[in-house]
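Here come two complexes built around subunit A, the first alongside subunit B, the second alongside subunit C.
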Partner chain A sequence: MQEERQGDSDRTEKARELAASLLMTDSVQGVLALLEIRDHVVPHLFTSREELSGLTVDGHYAIAGVAERLLERWAQGNIAVMARGCDERHLIELAKKGSVDLSRIKVVGVACDIFEAKACHCVQPFPRQADVGNSIGRVDFMDHEKLNELVSMSITERRSFWTEIFSRCIKCYGCRNACPLCNCVDCRLEEERWVRVGEIPPEYPSFHLIRLFHLADKCVGCMACEKACPMGIPVGRLNLLVRQEMLDWYGYEAGREVEDVSPLLGGALIDVADKK
Partner chain B sequence: MLRGADSFVPKVALFHCRWCLPESDAVKNLLPEHYESAVSTIKINCTARMEGELAIKAFGQGFDGVLVIGCEDGECHYESGNRQAFNRLGMLRRMLEFAGIYPERIGTIWVSPYDPASIKAQIGEYIEKLNGVGPF
Partner chain C sequence: MNYKTIQSICPYCGCGCGIYLEVVDGELIGTMPCMNHAVSEGSLCIKGWAAHEFVASEDRLKRPLWKRGANLETTDWDTALNYVAEQLQVIKARYGAEAIGFLSSAKCTNEENYILMKFARAVIGTNNIDHCARLCHSPTVAGLQQAFGSGAMTNSVPELEEADCILITGSNTTETHPMIASRIMAAREKGAFVMVIDPRRIHMSNHADLFIQPRLGTDVAWINGMMHLIIEEGWEDREFIAQRTEGYDQLKECVSAYTPEKVQQITGIQPLLLRAAAKTYASSPRSSIVYTMGITEHTTGTDNVLALADLAMLTGQVGKRGSGINPLRGQNNVQGACDMGALPEVFTGYQRVDDEASNLKFSQAWKTQVPSNPGMTLVEMIDAAAAGDLKALFIMGENPMMSDPDIGHVREALSNLELLVVQDIFMNQTVELAHVVFPAQSYAEKAGTITSTDRRVQRMRKAIEAIGQARTDWEIICDLARIMGANGFEYDGPMEIFEEIRRVTPSYGGITYYRLDSEELQWPCPTEDHPGTVYLHKDTFTRGKGLFAPVEWKPPAEDIDDEYPFYLTTGRVHFHYHTGTMTRRSPTLNREMSGASADINPRDADEMGVRDRDMLKVTSRRGGVRIRARVTEMVPRGTIFIPFNFQESAANILTNSARDPISKIPEFKVCAVRIEKAGSRK
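Up next, the complex of A and B:
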């Protein structure tokens, strides 16, 4: 435990140093990172070196959506973003959608430590280039037990499992709001045509499956949706299974390269059922 | 007549591409006997129009199955619209499976408009499968 703390303060120190030098060069209008407030963190755009004493790399917040909105607000200018591996993958997916211009973003890569990776059930807890912290490389902290439990059920058992669990949903939109990739201006989940307005729990299966389907080729597996759910619905589990399918059948992984084209937008015909 | 054990007649939302099957009435003629009222036909511009939510919402509205009929590979009016639909609906099937919904509920048929007998046979096969999995 002592060792872990030591590592964290080193990382924070390094992050503040890098942020300070970026702010000195004037190449960016600010550094988007996490600000520590008492016992939690919030995303914050650091614009002066005096503020940097509050900058932290501990704590978790899917920050890419904030970067998107900041760039939207200014017609020009660049920002730096302290990004973990998942944040960077979010930015790549947002660039694919045309939502952010990556040339305006200087990514300062933050590598997660083993404790953080475990907590997130991560498999890729590092950005392309780790400027802060040391990459622990590819790992497999995926919660296979929980995923297998789901996969090994019969289809009718799964149906009752999800029906029961989804009935807890209070339709707070936390899963959608926490996800940087759920950034459509008009969201189907708010339209009467697709999901009846004012109904709790939301109708089955529209709400959850539409969300899942829309993220099928975008989800980078950060689990922000699941962490955001106040009712403890394991929504991320479905996303992870679908993400794995995309990799198995199409060799496609969201968040890898901006140039990658989703197989759900065309390309070679691959019959998922054939390969089963 | 194709029927399940307890004379269950599945309700089907049938989406068909306007380029291979321009007339919904003609599609109705390809249905098995007595299925005219159980099947709602919806003409779409291309199967690429089939977003997942169209199928998902259909289940929420009391349909037991969703059948999509489009042009065979290489014949898409928009070159690759049917390929998009092919992969997308395939993934949707897997997704439904994870969520506990029989993937057989989503049917896809890629057809040549010059072979109505084959289309009819394939619709029959799909409905038979749907009978097997029962009401939604």
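Up next, the complex of A and C:
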């Protein structure tokens, strides 16, 4: 643990160095990263080197959505994003939807340590290129105890578990709001024809399962949804299970390459038929 | 290119959740949860997530207005301020200071409440100042003050997770205090026994280990009944009673009459369930009570609170970590508005105006003699206006034309005033009646502190520049004071005001802006090296010994009869906040719920041939509203529920203004109505 924390300050130093050199050139107008202010960590666009003493890599906000909104507002200019593996995968998925132009984003990759990976039940705690920190490589899915619990239940147990837990929902939409990818302009969850409006808990299973299936081929496993849930509903782990299914069935993982086409959108289904 | 996030506090309920306001090139574009906030820990409810939406609404008041003929017309600041200053002086000279009243605001900062309170007392010379706490937790302040010596929530929000037993009564926690419900869910996951005692089948009752549904307005009876059983079975905490309380014998005698059979007769609660509740509450190592308006908004509001305090003292369930009495405050700064002395009988920190030493202290601090006779409460000011005794009313950020009972009466009263001044951010039903309107800044445009429900003092920070010509409430009042020739209103910012507050308020003495940047501080915090107080009454009560106060059950002021055969109870809903001025201008919230509905039990609906979403006409002795039916098991037979958030079918046209004799709170929770079907759904 001591060693890891030491490594953390190294990562921060490295991140500040890289941000400083990016801001020296004119290639980017700002670096989107986390700012440590008082005892809090917030997303921030660093535009001058003087600000960089507050930059930190310790903390987790799914900031790809911020990057998307900023580029949308500013017709010109580029930014750098200090991105963990999940942030980078978000950006790739947003690029697939045409929501961000990756040529305007310089990704500075941040590798997570084992503690961060465990905290997020992450199997891929690293970006494609780790500019900051060292990649610990893939973590086996089944090493995450809390995921194992969910899959080892019987069908009956599962039904009563999820029925009870979804009925806690207070429809804050936090799971949706925290997710950079759950950002359709016309959200089905807000439509009376799918989910009766103005009721808590929202109808089960439609509310939660619509979200789950809409993200089946998009979720990159960042767990922002679960961290945002005030009622302790394991929505992130549920998505991780589906993500794993996508890998097992189709060999597909969201967030890998912009060119990858989701199997739910076409041809790959045939391959699966062959496989089975 | 500028993108920043400003740390602030959610402007809605008393939970006091941490938010970041996202600002791009000076424009407020979003709200994010604050990950490591002590209360909200990275979550928010739907209102919190939408907290930025109303701020730049087209409807914001952008210029001062004054009434010319029948219409409100725009004017400039100098004209409006000079006019109000002059009118206040004329009215004071003609009728005396007692003819002027002030309504402060639980939505404004501590600094602004302090400034208005100081203006009323030091410049005008009246103690006629009150605010909407009168309509929510005035019985709590009165009751807990009497029993313990302090009227605040005894424990902290995060501490609820450490309780072994949580008794929720008269609080629809998931809908009205979602982040506190979150803690209760977490406590239950850790093994806490959760019981809900509520006339309505609320969301939380489906997640409780025990749900008891008493009749409306029977709280003292079941609480006394629990105490009867506890004493009979020997579950009381004898050591606690002997060492820390007084008046036990009178309590014992009083509750001896409340046998389970008698309680069942009054409340409808089965003795078996009452016994289970009494046993679990008394015998768990750490039990906590959580309550809100279901307890307080009754003609017996103070009695209800006193009975709960008796129950906690009887079983020693107060003054411990995770154990105590937790009234959840409604507005983001209603605790602070009370702490700041926006009440007719106290200065800041509950120092009484009629206490010689306190009066002298404030007279010296403000260099003027302040009045020592307690002023009028909110409801009394409305009555006085109707009677012609109150001539001027100055309202800062309140909307009594929606929030007070018997709106018809309120309209008559406000229309009778010679001067009605309103400071607000939006046009609302009260602003429409004003002679002068000052446009105020919203929480996102200004800085200051608020005190959330668990006595937690927190900083709100300025995120964007003012909208239109809006100014902060404190600046407006300070300007008025200066025009009227008063000294002591020259501040360069909220921090300087806060420094004055802490000098005259012992419980805030050790709190500074600097400390608040990095520390969680809950009052009392008397000195700068004091860490603040997580839970109250640890070894001794604020008043020394806890005082038992036996109370007898009394029925509500208005009962059902042949003409008005249904009970009406009121409250608010998850997707909107109070009078709706902010939430109904938030697209996210409006999409979720765009209008009111009245909850009616399926069997009642069946008998009347009413289907879901049919139109109803609901009539009480005071007036009538048209409203859609929502057929739901949430309400018991014979009772309907109407939220007070919606002006087009305002619940408070119907409610009864009968009051609790001690705290003067009106009985919002029970009145008698008649229901007719007024049309089928479209």
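To be clear about the criterion, the second predicted complex is superposed on the first by the 256 of 276 C-alpha atoms of A that agree within 3 Å, B and C clash if a C-alpha of one lies under 4 Å from a C-alpha of the other, contacts with A are read in each partner's own complex, and residues count from 1 in each chain.
Here, a contact is a pair of C-beta atoms (placed from the backbone, for glycine too) under 8 Å apart; a residue touches a chain by one contact, two chains touch by 3 or more.
Quick caveat, the model's predicted, so the values are computed rather than measured.
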Is A:V242 in contact with subunit B, with subunit C, with both, or with neither (first, second, both, neither)? first
In the overlay, answer first, second, both or neither for which of subunit B and subunit C A:P43 touches. second
Taking the superposition as given, does A:Q29 touch the first partner, subunit B, the second, subunit C, both, or neither? second
Quick one: classify A:W194 as touching subunit B (first), subunit C (second), both or neither. first
Does the superposition put A:L150 against subunit B (first), subunit C (second), both, or neither? first
Partner chain(s) touched by A:R69 [first = subunit B, second = subunit C, both, neither]: second
With both complexes overlaid on chain A, does A:N78 touch subunit B (first), subunit C (second), both or neither? neither
In the complex, the residues of subunit C that touch subunit A are 1-5, 7, 20, 22, 24-25, 29-30, 32-36, 40, 42-46, 48-49, 174-175, 178-179, 181-182, 185-186, 189, 203, 206-207, 517-518, 573-575, 588, 591-593
Would you mind writing out the residues of subunit A in touch with subunit C in their complex? 29-30, 32, 37-45, 47, 59-61, 66, 69-70, 73-74, 77, 167-168, 170-174, 177-178, 190, 197-198, 200-201, 227-232
Subunit B - residues contacting subunit A, complex: 51-53, 56-57, 59-60, 73, 80, 83-84, 86-88, 90-103
Parts of subunit A lying in touch with subunit B, wherever the complex brings them together: 150-151, 153, 155-163, 188, 193-194, 203-206, 208-210, 212-214, 216, 238, 241-242, 245-246, 249-250, 263-273
